[in-house]
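There are two complexes below, and they share chain A, which is joined by chain B in the first and by chain C in the second.
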Partner chain A sequence: MDRIFERLADIVGRDYVSNAAEERFIYSRDGGVQMPHEPDYVVLPNTTEEVQKIILLANEEKIPVVPMGGGLVLSGLSIPLKGGIVLDMKRMNRIIEVNEKSHYAVVEAGTALGMLSAYLNKHHPSLKNSLPDAPPVATVAGNIMIHGSGHLSQSEGGFHSEMVTGLEVVLPTGKIVKLGSCSTVPYWFSRAPLPDLAGLFLGWNGTTGIITKVGIKLFPRPLLNDGLMFMTEDVDTVPDIMFRIVNTEMCEDLTFFITPKPAMFEGFQMTIISITANSEKEMRLKKEIIRDALRGYYESKEAGFVPVPKEMKAFLLEAPQKNLSAFADVRKGGGFEYVGAIIPVEKIPDAYRAGLDIAAKNGITYSLGGRMIGRGHSFMFYFAYPFNRADKEDMDRVRQALDDTNHAALKMGGIPWKAEVSGQQLILKQMEPSTYEFMQDIRKLLDPNGIMNPGNWEVNP
Partner chain B sequence: MNALKFDPGICAKCETYDCLMKCQYMDFDLESAREERWKLIRGEDTRILNDCVTCYACEEYCPYNNHPFYLIVERQEEKGIHPVPKPIEKSQIKAMAPKGVIAPMKVKEPVINMCYFPMMLGTIRGKLFEGASAIVGSDIFCNLMYLHFARNSVIKERLPKMIENIQKNYLEPSGVKELICYHDECYGTYTSWAPAFGIEVPFKPIHLFEYLYNRLSELKSEIKPLNLKVAYQRPCSNRLSPEIDHFVDDIFGLIGVERVNRKYDHENALCCGGVFEAQQRFDLMEKNQTLNVDDMKENGATHCVFNCPFCFWTLSDLVSQKGMTPIMMSDLCHQALGE
Partner chain C sequence: MKKEYADIIHRCFRCGWCKLPLNFKDFNCPSYLKYRFESFSSGGRLWLIRAWMNGEIQTSERFAKIIFSCVTCKNCVQACAMPKIREYLVDMVINAREDMVENGVIPPEVRDYFKAVSISGNAYKMPQEQRGAWANGLDVGRYTAQEYLFYVGDVGSYDEEGVKMARSVAGLLKKVGISFGILASDEITDGNEVKTLGEVGLFEQIASQNIEKFKKLDVKKIITLSPHAYNSIKNEYPKLGGNFEVYHYTQVLNKVLNDIPMGKLNVKVTYHDPCYLGRWNNEYWAPRSVLNSVPGLELIEMDRNMQNALCCGGGGGNFFTDILGTGPDSSARVRVNEAIDTGASVLAVACPICYRMLSDAVKAEGVEEKIQVRDIADIVSEAVNK
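Our next item is the complex of A and B:
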């Protein structure tokens, strides 16, 4: 009998641990094109204390531990590169608290964003959470851990990691810590005014600890939503158009897409401006202010607001967006992969041209686009390429396109987001050596046995 | 190729300049109307070219059928004027281009031309359209909408092929001579625009309203009067066939519906605003929509009846917000038959 398996079963119960070949197969891969690696065990803990016990065991046995949320990242961040335990957090999905007046929720790490959204709809209809353009099973903790963004990232302060009000973390040594106001008082309202330690766990791809609870900001939910679509033919005008829109402070979400299909969009850039309001009067005023901001463009007739039929508008305004899922099947093999690069806003034209060049060079189709993060503080530009899972050459082409895109993103002054291991290495090679050394010092300090998602954020994995 | 049949001599004799004097969107006195009209005829710059909102109405106002609107569009295009921003214009020309996928198909009378509104096919059903064949798609699309874009050239280029497609693939092989036009735009194309540009139409276009009236007359005993007060949203392309307007009243008479007497109907109808939006005339769009819908409501309408799907999509939310029910004419007739 497998001794470790038995000890894991003692911790979580026999139903929630597996080393069966079929489970190991499933957890060896994600939806992208990264190479699979099988875990030795898949474990689904139910409590922070169970996570703690698993971490203590992993330290004792020197077994790698890879935390996993929705498993949707596509860049292999929850693929166990060196085997060990995949810690699937989905059972820890309780919504612990919603504080309406202080606009936050406290959830367990496996809570899906869609679940939180549905819960708020039902119990706190005046509030909402920011939703990424991912399937609703994407988790709150997973998204903050990779610096994800969502449909409130433009209007409400940036990346989801910037919306974190507090964390509970099981450190790689097994110690349980609380970060933010919840460490001192019974409220999870803010990371300030205390020394901010949350950054040690945000963007680290699970290499510094296991997040078990999250305090996350909630936002008002206006009664109405509507949108405008602004069409341009000269991509060099897009940063200025975005700048003008952002500066009106009238829109909730600001996104952008370029796609070769359907034909009506080929060769044009579409900026989508989502607007919310509590009355028709407010909505009209906001639209008027945004239109006025772009008056020079549309009066020149070189760009303009597209009349959008109601059905299409509903499709464009939905959160999360489902169109990328449909895009995944363009090649009739159900796969798509993307690099989301975080770039300076003024680099949107460079990113656009790079995306077109890379798609043409690799003979693949594409969907390009992105979302404004913060009030024009940076831009998440995605380069998405669909592929057919049954076609190895197709996957190779997309893998090459991803690599080309990572290089292009760094060259233009951006940084690949939630990069796969090879992309992480590119980033680290360009990083100030002292910064990289500091990162490794912190990891050694927190994780003396090197058990946490090894292979990630390492120059030589 | 396909020159507009326009006679400046008719304008020379005109004393009223109704084409401009009746315009709802540009203000003229008789002298300025005459002056600007002649600038237009001579191909000179005139404010008409930039201020025209392309509502089609002057085609109706001209008592001599001398095609003042088509002349405006010709001149706009000659002078490189783009009423709609260029990317939107290009995008629409691409989007609505013929896909070349049409294939011969046996059809039975009545043949209903659904233009390029495949999403409206569901209305061709029930007793109203019993036994009908519906045709639809980019390869039979009349393309008249490009009048709003000042692109007569697109219509000239595409329309002959569309007519040939309809005739050779559907009507001729099936021995059908008549084509019921669901959309005013198609009917106006075949009865007004095509003759004005010397393009032959080998089939007989029938307006949907005429078909509905005749069919409802056949089914008169099955009609349950609806007892509704409705406002009618007259579409821009109905300006090309004003002789059809009486069928609205005739149909309403059969199905027990009262067309409310309101300011913005008949010759004084207002554009739904969709075209103004495309032309980036947002203030005008909002002003007109408010005037129009308030006028419906104030005159006691409980429903707003549309025949143009584009008008329906543009105005239906606003109509609903005012507590009225937006409905297509064909659906209203279905209701009267209990369907």
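Our next item is the complex of A and C:
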């Protein structure tokens, strides 16, 4: 009899813990190219108290704990590098509260972003949440733990982690804490004006605690949405074009892509401007203002608006975009990997050139693009490379391309986003030593037994 | 595994679109909803099948449970993001079952089901002579040369709820003047569940037996009680030389009900789409049209309807094997609560398996006062008799 298994079963119920070969196999890998590593147990908690008990047990037994949301990160952040327990949080998916007037929702950590969106559609149709380009099963907590972004990141305040209004966290010692206004009053409206402790858990990839509840900002849902597509041939103009569009404050989402296929797009950069409005009149006005902002470009024939067929428009405005998952089948191989580098906006041309060079050097195909974060405050540039899961060499080539891309992103002044362990190593090497020491001091303080997702964000994992 | 599937199974990205319906309302894969481990989702299952094919994992009780808990509802097919492989997702699971059957590594419940069908001609191990007992007192004749053969199936013949449904449908067909006969003690199972559970040889034997019988009787048109039989006779029998005009009973009713006088029923009804009528055969409107023909009946849709409907959990053989199991997260119980949320007092069904699954779920949830499961023919009969 496995003593730890029995203790976990006592906590969550026998049906929700497994050490079977099948679960160890599935939870040992994600959809990307990182090497698998098996957990010893997979546990599906249902309450914060169950999470607390699991953490207390893990401390007692010195077992690593790796929290997992949608499991869609592709860079192995929920692969248990040192074994132990994978805590699949998706049973904790209750929508606890929606405060319409203060524009926030309180949800359990495993709530899927798509399910929150469906709930709002039905019960609060004047509000919406920001949806990432990830599949709709991506979770609210998973996306804030990696500083993910979404389709409202340009207009409504940046990364999803910046949309957090409060957290409930089980610390690595088992203590349950609330952070933000919810720590003091019954409302989850803001992290201010209290000292902002939520940052200890946002972007840390589950290395500092288990987020169990999230307060997340909601935004108005205008009645209409439409889009414009602006095509350029000179990538050096893109930062200025983006700058002009952002400064109109007329668009909701601003994205950009470059792809060699279909052939009609090859050699061009396409900027997608998503616009929302509450009336046709408002929509016309917003489009006109954006067109005016780009007049200099299209009058000089340097660039221009592209008529977008209705079907294509629907597909470009879809959130989340299903076709992005379908990109995994470009090589008929069920996979793609990407480096999403957060870069200064003016570095878009450098990122574009680096992406083309890396794809050519490794003999792989690509899709490049990204999303404006905040009102032109940074750019999430993705370098995506599809691979064939049945072809080991193809996966090796993509692994090499990822490494090359991480180097290139750092060199151009960007930072790889949700980096895999080798990418984390590169970042840490370049990081101010005192910053790294500070990170480690915080981790040691929070997690004296080093149980939280070990192997991540360590110089010598 | 067949080459055509072995060549594509690695193309599942395990992106998870398959867990949800198209409107993202809630988990819509019954086995994932129940178990919540990634391994019980469509993508997890495909990755495990591939690992099993490659020898990375071995056959085990757990593996068999994962493979046989798929209810073949095709939500994954509907929701999958990969256009080139989505239509084969369920076929790949069924093919893995076929391999397991061939290797003799199937759960005891599945083995017992095959044995019962093989020995008794039905899943209930009931005597063949009692097969037509459901029609006692209805004045329904054996099929001779009527326009339609009414094929009732195992559940309609032997299950308590199924029998109620078969009687409602037969009574209504008679009332509206449809010419039909039944096979009574000459009827055997249609084989749909045998096929989805992976026993190809037994299925072919059953189907051939039925085809031969239908041909001998010069059957041209068939009405089925169950969408499962509808599926096998319509889509699988032609591959074995059995070409018949096949209708689900709601399709036949839909053609004639406009001319039938009906009394008013002041009732709010929500309709549960059976997977083998809806996602498998793209028939969403006939049952709704029949319900809408009832004066006074208000049809209210659940959030998950038509292509997005949550399966009752009885498909893919699970009705007989119960590998999916019960509990608050079983899809039938979740579905019943979804129906109650609409404010309807009646949950209408068009499949005897759904009828039984959802009726049991109403009892398990203790909500008999809030909602009643009724089959469409029963509702229409009440209006016709008013």
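Note that the second predicted complex is superposed on the first by the 461 of 461 C-alpha atoms of A that agree within 3 Å, B and C clash if a C-alpha of one lies under 4 Å from a C-alpha of the other, contacts with A are read in each partner's own complex, and residues count from 1 in each chain.
The rule is short, and it goes like this: contacts are C-beta pairs under 8 Å (C-beta built on N, C-alpha and C of every residue); 3 or more make two chains touch, one makes a residue touch a chain.
These numbers were taken from a predicted model, which means no experiment stands behind them.
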| item | value |
| --- | --- |
| Room on chain A for both chain B and chain C (clash or fit) | fit |
| Which of chain B and chain C A:Glu280 touches, first, second, both or neither | first |
| Which superposed partner A:Lys310 touches (first chain B, second chain C, both, neither) | first |
| Inter-centroid angle chain B-chain A-chain C after superposition on A [Cα, multiple of 10°] | 70 |
| Touching partner for A:Pro195 - first (chain B), second (chain C), both, neither | neither |
| Chain A: partner with more touched residues, chain B or chain C | C |
| Which of chain B and chain C A:Pro186 touches, first, second, both or neither | neither |
| First (chain B), second (chain C), both or neither touched by A:Phe268 | first |
| First (chain B), second (chain C), both or neither touched by A:Tyr298 | first |
| Superposition-derived minimum Cα distance between chain C and chain B (Å) | 18 |
| Complex interface listing, chain C residues touching chain A | 8, 10-17, 19-20, 23-26, 35-39, 44, 47-48, 51, 56-58, 60, 62-63, 66, 81-85, 303 |
| Chain B residues touching chain A - in the complex, by the definition given at the top | 82, 84-88, 90-92, 94-95, 97, 274, 277-278, 280, 282, 286, 313-314, 316-317, 321 |
| Chain A residues within the chain B interface of the complex | 231-233, 262-268, 280, 284, 287-288, 291, 298-299, 301-307, 309-310 |
| Residues of chain A defined as touching chain C within the complex | 15-16, 18, 20-23, 25-27, 30-31, 42, 44, 70-72, 88, 90-91, 112, 114-115, 117-118, 121-122, 135-137, 322-323, 325-326, 328-329, 332-336, 388-390 |
